[in-house]
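This report concerns only the one structure given below.
The chains carry the letters A, B, C, D and E, assigned in the order they are written, with residues numbered from 1 in each.
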Amino acid sequence: METIVENIQGVPLNHYILFCSIIFTIGVIGVLIRRNVIIIMMSIELMLNSVNLLLTAFSAHSGDPAGQVFVFFIMALAAAEVAVGLAIIVMVYRNTRSVDINALNRLRG
Amino acid sequence: MSAIITLSLLAILLLYLGLFKAKTALLPVSLLGLVAAAGLNIAGWDQAAKPLYSGMVLFDPFAIAFSVLCIVITALVLLLSKDYFDQRSPHVAEYYALLLFSLTGATLVTSFHNLAMLFIGIEIMSVALYILAGIRKRDFASNEAALKYFLMGAFSTGFLLFGIALLYGASGSFDLAQIKQYVVSNPQAISPLFYAGILLVLIGLVFKVGAAPFHFWTPDVYDGAPILITTFMSTVVKTAAFAGFLRLFYFCFAPLQDFWMPALLVITVITLFVGNITALVQQSFKRMLAYSSISHAGYLLFAIVGMGAASAESVLIYATAYSFATVVAFGTLILVKRATGSDHFEAFNGLARKNPYLALTLTIAMLSLAGIPLTAGFVGKFMMFSGVLADYQVLLVILAVINAAMGIFYYFRVIVAMYFRPLDRDQIAVSGYYSAVLWIAVLITVILGVYPTWLTGLI
Amino acid sequence: MDNLFILLLLPVLGALALVFVQHEKAAKQLALIVSLVSLVFTVSLLTSFVPDASMQFVQRFDWIPSLGIHFHVGVDGISLPLVLLTNILVPLIILSAFNHSYKGSFYALVLFMQAGLLLVFTALDAFVFYVGWEIALIPIYFICALWGGEDRIRVNLKFFIYTFFGSLLMLTAIIYLHLQTPANDYELTSFYQLGLESGVQRWVFWAFFIAFAIKMPIFPFHTWQPDTYTQAPTAGTMLLSGIMLKMGVYGLIRWLIPIAPLGFAAYGQLALVLCIIGVVYASIIAFKQRDAKRLIAYSSIAHVGLIGAGVFAWNIQGVQGAIIQMVNHGISVVGLFFVLDIVERRIGSRDIKLMGGIAKPAPALAIAFLVIVMGAVGLPLTNGFVGEFLLLMGIYEYGLWYAVFGGLTLIFGAVYLLRLYQKVMLGEVNEQTAGFTDITRTEWLVLATVVVLVVGIGVYPKPLLNLSEAAVANLINGIGQIANR
Amino acid sequence: MLPLVGFLINGLARNVLPKSLVGAIGSGVVLAAFLLSCGVFSSVYAARQAGETATFIQPIFQWIGAGDLSVSMSFLVDPLSAIMLLIVTGIGFLIHVYSIGYMKHDAGFAKFFAFLNLFIFFMLLLVLGSNYVVMFIGWEGVGLCSYLLIGFWFTNTAYAGAAKKAFVMNRIGDLGFLIAVFLIFATFGTLEFSQIFPQAAGMTTGDITLLLITLLLFIAATGKSAQIPLFTWLPDAMAGPTPVSALIHAATMVTAGIYMIARSNILFTLSPITLQIVAAIGLCTALLAAAIAITQNDIKKVLAYSTVSQLGYMFLGLGVGAFTGAFFHVITHAFFKGLLFLGAGSVIHAMSNEQDMRHMGGLRKQLPITYFTMLMGTIAIAGIPPLSGFFSKDEILAHAFATNKLLWILGFIGALFTAFYMFRMLFLTFFGKFRGSAEQANHVHESPVTMTIPLIVLAVLSVIGGMLNVPAALGGSHALAEFLSPVFADSAARSEAFHLAHSTEYLLMGVSAIGAIVMAIVAYRKYISNAAVPAADGAPRGVLSRLSYHKFYVDELYDRLIVRPLNGLSVFFYRFTDRGGIDGLVNGLGKTIGETGKGLRLLQSGNVGFYIFMMVIAAAALLAYGFFNL
Amino acid sequence: MSVFYFVAFLSIFFALMTIFTKNPVHSVLYLVITFFTFTVHYILLNAQFLAVVNFIVYMGAIMVLFLFVLMLLNLNKDTEPLKSNLVKLMGVIAGACLLLTVGGSLRVLEISQPIVMKNPDIGLVGNLGKVLFSDFLLPFEISSILLLTAMVGAVLLAKNEPKKA
């Protein structure tokens, strides 16, 4: 345990922020370039995870447990969202036989 | 607080009622519950309210006023549901329960005092709506609306959360009071993280209220969702989102107004123009209302742009005016669509001949949306303009004026259709629930328009 | 009987009652009675009115106290003539509508509009003024769009949006001024005492000016007007031209110039020039119009242009002339439109090329029409002359050439109005006009009233002028002092 | 003085009364007014005899008051207005009587009398007004009546057009009047004659303001009194019933301009430039109109142009400072032109509404009274002594001679024309063979008594009218000049005394008298000895003749220069500027917004990917903003 | 210290693989690996409770759910019609812009002090539990509503109704 703590001691907070931003952006890019709804949802999960890590880093940095508690809530949300989202996808798939978001363009204008 | 408990318990109760096939009891029970919630809320009226539960929620007059507004509108929507969902879906109980869950979320959003509560409130509200938007499982439009709403909502949640994380990183807390403390105590040394956080939270919230350029979900979802869900979304959800928005920004970020205000100003202007101009060319009444709701979001943003002591009051009055008028509009649309199967403007042709009073209520609603004096909409616009002008944003008001004039065009289209385009049609039967809801809403609209004093000075 | 609030409430109550009256004849009579009671009420106001510069019959109570809004109304010599005009014309308009089969809702809208108009003319609080301004607009929109001509929907929407846009600009200015007042209220008097800096006053001037200019309408904001007048039912046209456009002029006198004297100093001349251009321009256009209503519409632009010019000349003659000419124009134009309505109803067209020779079968109509035309042309001993004389005199004091060009209206007015009269009344009877019948009793009543007013005011305008003299003088002097300060 | 208002009331209630009563009432009230006028005149005369200025002002009520402007309804009686009163009511009465006969068969009999009464009322207002505004009321009022009466037979579109033309042209002048009024008010601070003129008398000659005022007033006068450039309405005005032509367009209304200038004589005296312009315009008008009159075939047109021409003389008189002379001519002209018109009316009546002289001839036998009275009138107007026209015209010409010889020569030529066309008319009408249709021939008869009596009375007046103001050179006493002197006193004091040797005067008189007689003989030779009949409308003519026949194309000129451009402008403004330009702009704005809407609508493509892309872009922009704004 | 950079590199690499792999199943698997690296991060930050929860909830529950749905819908082949390269490029550029701006607006952060564990024990279950059930009791309870909602919704939507009679 000690070594772990020591290992992390040297990492500047900035690098955590940057790292999380990168992951977040990768999530965004994933949302942008994929057409498969499930993969888009996965990309969103990536975004959420980057936030989780960021919160944890801040929490560790300031020594305040609230951040980590918040992460817990985000996880709860992620679970809920995935459940609902997948349910919607299943429902849509039943009607359209597709999970391609480009097929979703009847409502427009 | 007890209101939130009441509401959540009520929702669960309804689920059980559904389980026991007690369909007829659903509406009375939920109405009773809503009345109780509203009553409990009002009973807790306290100018000097303190945050509860370790600073998680704060039921000050602001929160209570908005919660009660949301509850009242939900009650109206439920009254309209009686004839709407009962006939076409076997999942009525779930429907009622989800609406009430969403309402619970909305109440949380109006009363949060901790970013965690804001986040959870928004999510409860939204997740319930993702489901409700798709509740017509066989309807393609409904499916599409649900999926679009879900995808974009989840995506924007990412931004909101990232923003919250940054705010936390900078200020070290989720508690509004402490964040405010952070802003006030070191005005010179505010971390850039904090600024970025504000912007990201802004994106998340602006998405929820449907302001341009984060509005793209609005028309499609409003259009695709069942009419009553749209009603709920464009009234309760929008009101709650604005309440939360205002609460956060007024309470915490007001001192940094110079930073975020110009950005929001641009958003406001774009929202106004996009909403109005696109609404002009719509053929569907429903879709027009969706775009008009975007433009109303623009007007509501005025209160935040022209941040001041009166902002809360203006938002409350504007939201009240807008919500009641919207309820009337959608309520009428339901009736018309049921009779004609279309939600285009043409469907309203000649309505005034056979249903003069229905036409009259819709007319008053439209006038209110357009902001004509002696309706609540005017008082709302008036207060918005006052607030912004107090900040010397003359140009913004001039732009808003142009938009308000454009608004006339599409709001009057339906009036034109009802009164001036003759068509032989059958009289539409208006059930008691509907006429009650419509008249209540119209009466409130007019009374608020003539004598708004009973709402001003409340908070 | 000098409670102004009751006067304002009366039409509203009448309108509300009328909504529930289904029977057509009963609705007519009820509307007429209500409007006549208003008239009697106004006359009783008139008798207890003291023609000095003060505000009288003032009513003031809180409306929306948290926003500093009071319901504050009162009349002085400037507003009383217009209140009188409104209450005289509304019964006439209602009476003139008897020949059409309008439902109760029509009369309800007319009365509702009357309430809005009266509110505008009596408001001493900017918010009240604005509310009146807008709620006068709604009924007229419905009147015109429900009972109007073929192209009514498009035209009226344009009219509505146009004027609404203008009034919102005004609202902006009002709110802005409100925020500057020390007591944070909307009182007219607080607005008068603001003394804002010149730059601010300039845009305030424009904000108000555009609102009023659209309503009046002043060139180049006038293009809604001919279409709307043409498409509106006659009663609507009468309301629009007879009373509603006076709102704009009244606004100029009561609100625009006193509130933004420096803005007025900067742009008053431009405004005056616009008015004068309007006079000449609209007159020239009126020359060749074939549609009688459109012709009168353009003539109305010309006349109102002159009134506006008189106001912008801002001297006692000019403003007094404007006030009396507002009354005159209201009376004349209602008369003109009524005659055209009679003609249109009988021959089913407004094209003056198709008319002619009506004087032969309908001499009484011809005489009445002639008197009204002469009133509109501004012949001495008719009402129009007194107004035009004072207006031109006021404009002359402002500048010779303005008066010369403004005075062209004397000539041009004669040209197009006499052309109209000639084409309609004179010449041989043709197919369309062959079966023309002379006027009926109600028509006679309306026309006789108009004619009596035309001649009466023309012969003895003094009482009317006395009414407003002190108030106008006070206003002009007051502004002079503020401007000098 | 206000039984006249009663006329108006009388006039309105006329539909119910029988014709005879209408005529009686109509004439009766004018007679009453005439008698009252006589009373007024006699009191004025008595006052004059007593050596007073004889000016009485009677205020009635304040009419308009605004600021320092105060206009009262008040009347002024002085020698000038007293005489005008007599003329208006006197001739008015005669013409009323005449009309009873002339209009007997007309359906609008009652209406006609109502209008005539109204006219008399306004004319009296004009004459009696004690300030410019009251005068203006009358001024416009008579214009209205003129409009009504010209367009009396309104079923004829051309007549109605003529009425409109008259009204509009008058209006042009009226605008000048109105602006002059403003200028006067600005200069003198009042509009009352009694206060303006003393003030003006104290001003210097050639004052610019006065020049402007007088020019404007003169414009007004050209409109009302049918001078260049506004004279074309008068000939057209002959569309009205003949008594109207006699009363309004010969005897009274058209002289309003002269009356007004005479009334404001001091202002004019003080601005010599205006006077010169007045003289020049008057002379040009006199010549032009006379030249036109020579070739006209319509008996009333001849008289109309003759009227224009004579009015020109009056202006010439005013222009050369012969205020009395001009006014004298007004009086005599009222007599003989009234007479001539009534005579013409009698002829037309007899000829069953035929007005073309080419279809007349030889009527002397059938219409002896008419013939004789018209002969008197012709001699009078031609300026053959000792009839009235000679004296008045001579006085003007004498003044012209004293001012400028050229004026006299031109004036003299005009007088020659006058004599020629008048005799031409007389000869064509009453001499030679009858050229009308047989039906007309059977109809020809002398007019009823109600028509002939006025003719006779006027003939007598035409003959003796000259005695009013016999010049000193002929042993007269200048009775009129003497009577009017207080009115012109200030002017007289300002201008050089008119002085002309008696011998010169004799010479001038002789020349003009002889000239007139010679022209009469020329006409005789041409139309009686040679029995020439004017050519038909289409016949070829010489250049001058064609110019004259077509009235020098003045109407066409106006049509091209003013009416058509204005009409064109009207259409242009309407189609292009108003509909296309301004309204197009407004509508275009709406359309642009609509198009923008359609464009924006495309953004709402329905594609979630695109929506999210837009969101990301916007978010990036926001963050970039934050980055640069920190 | 270098452990962090190594793990961070792995995270980024697998995240990129997740979004660029055509086969959805592979994507899911890469995502699982990414989440695993996140678990490592949590451990590095001494957030043991989160590490465990992350491991269980994400890698265990959520990922299985994804896989399950993929299989259920028979989407395990790379049948996805990919977006055109242009769209991809734009997406990447937009994302890069976002990254740049996010990074940019954060880079202004002057302080760059390394993370010092002031209170290394906060990430332990006990400590977190205290906070969670005292200060954050309300959100904790309320999130039950969220989950309830999700549950009701998921059941409601995913239930295969018999076609309407």
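Definition applied: a contact is a pair of C-beta atoms (placed from the backbone, for glycine too) under 8 Å apart; a residue touches a chain by one contact, two chains touch by 3 or more.
Keep in mind that this is a model prediction, so the values were computed, not measured.
Peer 1: Smallest number of touch links from chain A to reach chain C?
Peer 2: Between chain A and chain C, the shortest chain-hopping route counts 2.
Peer 1: From the centre of chain E, which other chain's Cα mean sits the farthest off?
Peer 2: Centre of mass proxy via C-alpha means gives D as farthest from chain E.
Peer 1: Work out the mean Cα position per chain and let me know which chain is farthest from chain B.
Peer 2: Of all the other chains, the one whose centre lies farthest from chain B is D.
Peer 1: Using CA atoms only, can you tell me which chain is the most central one in this structure?
Peer 2: Chain nearest the centroid of all protein C-alpha atoms: C.
Peer 1: Using Cα averages as centroids, what's the distance between chain D and chain E in whole Å?
Peer 2: Computed from C-alpha means, the inter-chain centre distance equals 102 Å.
Peer 1: Averaged over CA atoms, how far is the centre of chain B from the centre of chain D? Could you give it in whole Å?
Peer 2: Once rounded, the distance between the two centres reads 77 Å.
Peer 1: Quick one: report the Å distance separating chain C from chain E, using the average Cα coordinate of each chain.
Peer 2: Roughly 70 Å separates the two chain centres.
Peer 1: Calculate how many whole Å lie between the centre of chain B and the centre of chain E, each centre taken as the average of the chain's C-alpha atoms.
Peer 2: Averaging C-alpha atoms per chain gives centres 31 Å apart.
Peer 1: Chain E: which residues touch two or more other chains?
Peer 2: Answer for chain E, listing residues that touch two or more other chains: 83, 87, 90-91, 94-95, 98, 102, 105-106, 108-109, 135-136, 139, 143, 146, 149-150, 153, 156-157.
Peer 1: Would you mind listing the residues of chain B that make contact with two or more other chains?
Peer 2: Answer for chain B, listing residues that touch two or more other chains: 116, 120, 123, 127, 130-131, 134, 137-138, 146-148, 151, 155, 166, 192-193, 195-196, 199, 219-220, 406, 409.
Peer 1: If a residue has to touch 2 or more other chains to count, which residues of chain A qualify?
Peer 2: Touching at least two other chains: 13, 17, 24, 27-28, 31-32, 35, 41, 57, 61-62, 64, 66, 69, 73, 77, 80-81, 84, 87-89, 91, 101-102, 104, 106-109.
Peer 1: Among all the chains shown, which pairs meet the touch rule set out at the top?
Peer 2: A-B, A-D, A-E, B-C, B-D, B-E, C-D, D-E
Peer 1: Mind listing the chain A positions that touch chain B in their complex?
Peer 2: Residues of chain A touching chain B: 13, 17, 20, 24, 27-28, 31, 37, 40-41, 44, 47-48, 50-51, 54-55, 57-58, 61-62, 64, 66-67, 69-70, 73-74, 77, 80-81, 84-85, 87-89, 91-92, 95-96, 101, 104, 106-109.
Peer 1: What residues on chain B touch chain A, complex-wise?
Peer 2: These residues of chain B touch chain A: 116, 119-120, 123, 127, 130-131, 134, 137-138, 140-141, 143-148, 150-151, 154-155, 157-158, 161-162, 164-166, 168-169, 172-174, 193, 219-221, 223-224, 282, 287.
Peer 1: Residues of chain A touching chain E in their complex?
Peer 2: 1, 4-5, 7-19, 21-30, 32-36, 38-39, 41-43, 45-46, 49, 52-53, 56-57, 59-66, 68-69, 71-73, 75-84, 86-91, 93-94, 99-100, 102
Peer 1: Residues of chain A touching chain D in their complex?
Peer 2: Touching chain D from chain A are residues 28, 31-32, 35, 101-102, 104-109.
Peer 1: Any idea which chain E residues touch chain B in the complex?
Peer 2: Listed in rising order, the residues of chain E that touch chain B are 102, 105-106, 108-109, 134-139, 142-143, 145-146, 148-150, 152-153, 156-157, 161, 164.
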